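The block underneath contains the structure these notes are about, expressed in structure tokens.
Order of writing sets the labels: A, B and C. Residues in every chain begin at 1.
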Amino acid sequence: MSEEQSGAEARRRRGRRFRDERITLVHGAGGKATRNLVEAVFLEELGNPLLEPLGDSALLEAGGTKLAFTTDAHVVQPLFFPGGDIGSLAVNGTVNDIAVSGARPIALSAAFVLEEGLPVADLRRVVASMAAAAREADVVVAAGDTKVVERGRGDGLTVTTSGVGLVDDRVALGAERVRPGDKVLVSGTLGDHGMAVMIARGNLELEVEIESDTASVFPLAESLFALGKDLRWLRDPTRGGLATTLNELTEACGLCAVLEEKALPVREQVAAACEILGLDPLYVANEGKLIAVVAAGRAEEALALLRAHPLGAEAAIVGEIEPEPKGLVLLQTAFGGSRVVDMLTGDPLPRIC
Amino acid sequence: MCLGIPAQIVEIVDPEAKTAKAEIGGVRRIVSCALLEGEARVGEWVLVHVGFALDRIDEEQAAETLQLLSDMGEAYERELAQIRETAGETGAT
Amino acid sequence: MRYVDEFRSGELARALASELAEAMPPGRELALMEVCGGHTHAIYKHGIDELLPPGLELVHGPGCPVCVIPVGRVDDAVSLALEPNVIFTTFGDMMRVPGSKGSLLDARSQGADVRMVYSPLDALELARANPESEVIFFAIGFETTAPSTAVTLLQAREQGIANFSVFCNHVTIGPPLKAILDAPELRLNGLIAPGHVSTVIGSHPYDFIASEYGRPVVVAGFEPLDILQSVLMLVRQLAEGRAEVENQYTRVVREQGNPRALEAIEQTMELRDSFEWRGLGSIPRSGLRLREEFADWDAERRYEVPGVSVPDHKACQCGQVLRGLVKPWECKVFGTACTPERPIGTCMVSSEGACAAYYHYGRNRPKRASVTA
């Protein structure tokens, strides 16, 4: 069987295993259910070599220039939350997808679906926020579109942003470049965004100052490009948190990531809110952070590079890549034991038990 | 059923309704003190479960438990140290 | 965080683990059951099972109030959520538990107004703020949580809030423990008792386990050091041939429990003749319902619920897992037909269920040898 044929066969097998009849919220949580949906429904029809890696961006070559190209749909409730809003989230999210693909973001497009009845003042606020984020990230919004849907059908406002960037020649990033012994770094504290949004929804009645960390991580990424081929892999841990993103890595490269619980940077309030709600910061979304896998010998250097930037002040080396057990993420607990950090099954939900 | 978090009473909100504000690690929540004996006092530590202060945390007992554990820890460390020293003496590892 | 961090000290862990290894009675293999979902979670989250000496294993019992809610009752909840004009409130734990026609989350995608709350008081507040809607609260949990529902009911009555009702699925810990102990093939040497349930009921309800069944009991806190210390206390009792009820969680649990909490339950609820437990069958006098005086706030009396008993799946071995007879990985459908995404039985349904916990945290680690009876 040719490679194409076996790829198609693999997709058909995946498609047959996917039996869900209706879309539910679990499909959007960013974990296993999302992946199953993408593989069984989207790749089934659209599969092609550019899409299949399912990376944060697609890498295109056009007339000798390497480009990164990505798209993101943004749906968040509430629209405004401490530290940001759907606008800054949209711009930074796309900028970050480009950045972690080893590219400099140049231009974005923004398509708005507005719900009938949305206050124009809210729309202005969102757009102003996008403009500010774009300036901060040094990108332009070069194209846009607007549609309006009937009341009750739009969630207020949804934004889809696409972005294009110029790939930096110094780097060659990919899961296949990761080796045992490599170190895992994060650029700062975990769980800020997801908790900020959860609390902003208001029905948990928690009073706490947690702000979303939404920001462009391009400056952080760019500082690491200096490491050249010793920078193996970059990602921004959004939905599903650090745990889900690392699981995607280990599945792709067939190695194991071992995390040190004591090394994980988490803000006190985020840790406390997670304790109260029975959540694990490893699974909570981040919108202004970077995970980097770096050759062992240059980890300290990478750490210093990250910390040199205000956004990376709390960067830390949090783990290491090992050959076994294949495809897993493990956590060495502060208590002295260890556990498997599985991929998220659905949105992390507060619990009382 | 089991998620009970130690939190400190930082404010009495409504003595009639027996509500107070409890705080842990910088997070605050209004809790009901209806299940506590007597009046809640600012500074007290309570166990919070589903928005209720289930009971007070006995600070003395907590200290005792920790002391017990800590003593065990010290005894263990001393033993380990002894093993290391005597290993050096006999030349065994 | 105070009263949390100190009880998670890794240094003290090693000392405890070493003491535990020394305290083990030579040549014996011991199985200790923990019945509380919170204990299961803590054990896996911190990797406590790895610190146990050979010959000692922890078995997970039926103390997950989410897991034991039968499929039929979940269907009843979904039916209530789909009633017109209802705001159905629930703890996060129950949102994804599947009934025979989907979960509460699925009901939401069909248009039901299902909202997650952290406290029953928040549900009452929703009723106050939305006088045109009917708010129903899905009450689950053991005696730890029942007092909170009880106080909420008392407040609803006191404040005359009529558009509020409770769908009561509270259960008590004693009867399922007895059911486990009565099981013929029991291989259980001691019990780690649930610390927060005990905050309410005290330690005396466990006396019968020591006196009638000759098994030692230790009431345990939830931090990893609490759990290890409790295990040590149990092992010492077993080594010394004692069978007593001891309290490790002295900083919150008192012998007599919390009289106000017990009083609140007494005022508002009473024991049902019998209640069906998923995986364990019907257990007499193990479930709570609202008293007649609170009929106006009882969702079961105000609404028609299907009330159908849906049998467990034929392939499901949860009953045996809950009794500690079968390990999660020994169940024939574990990880294949039964996964957290598509759970067949109760043990996989909630993240505290033994199978779910094992699936997420430990299924790829070397398995510990089963303790032989």
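Throughout what follows, a residue touches a chain if its C-beta (ideal position, glycine included) is under 8 Å from a C-beta of that chain, and two chains touch if they have at least 3 such contacts.
All figures in this text were calculated on a predicted structure; none of them were measured in a lab.
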item	value
Result of counting contacting C-beta pairs for A-B and B-C, higher pair	B-C
Most centrally placed chain, judged by C-alpha centres	C
Between chain B and chain A, distance of the C-alpha-averaged centres to the nearest whole Å	36
Distance between the centres, which are taken as Cα means, of chain C and chain B, whole angstrom	22
For chain C, residues contacting two or more additional chains	1, 4, 9, 14, 37-38, 41, 64-65, 91, 118-119, 122, 141, 145
Set of chain B residues in contact with two or more other chains	1-3, 5, 24-25, 29, 49-51
Where chain A touches two or more other chains, by residue	205-206, 268, 271-272, 275, 278, 351-353
Complex contact set, residues of chain C against chain B	1-4, 6-7, 9, 11-12, 14-16, 18-19, 36-39, 41, 63-65, 91, 118-122, 140-142, 144-145, 147-148, 151, 194-197, 199-200, 222, 225-226, 229, 248, 250-252, 254, 258-261, 264
Residue ranges of chain A in contact with chain B within the complex	205-209, 268-269, 271-273, 275-276, 278, 351-353
Residues of chain B touching chain C in the complex	1-6, 8, 24-25, 29, 32, 34-37, 45, 47, 49-52, 54-59, 61-62, 64-66, 68-70, 72-73, 75-77
Residues of chain A defined as touching chain C within the complex	22-26, 32-33, 203-206, 262, 268, 271-272, 275, 277-278, 280, 325, 328, 331-340, 342, 345-346, 349-353
Of all residues in chain B, those that touch chain A in their complex	1-3, 5, 21, 24-30, 48-51
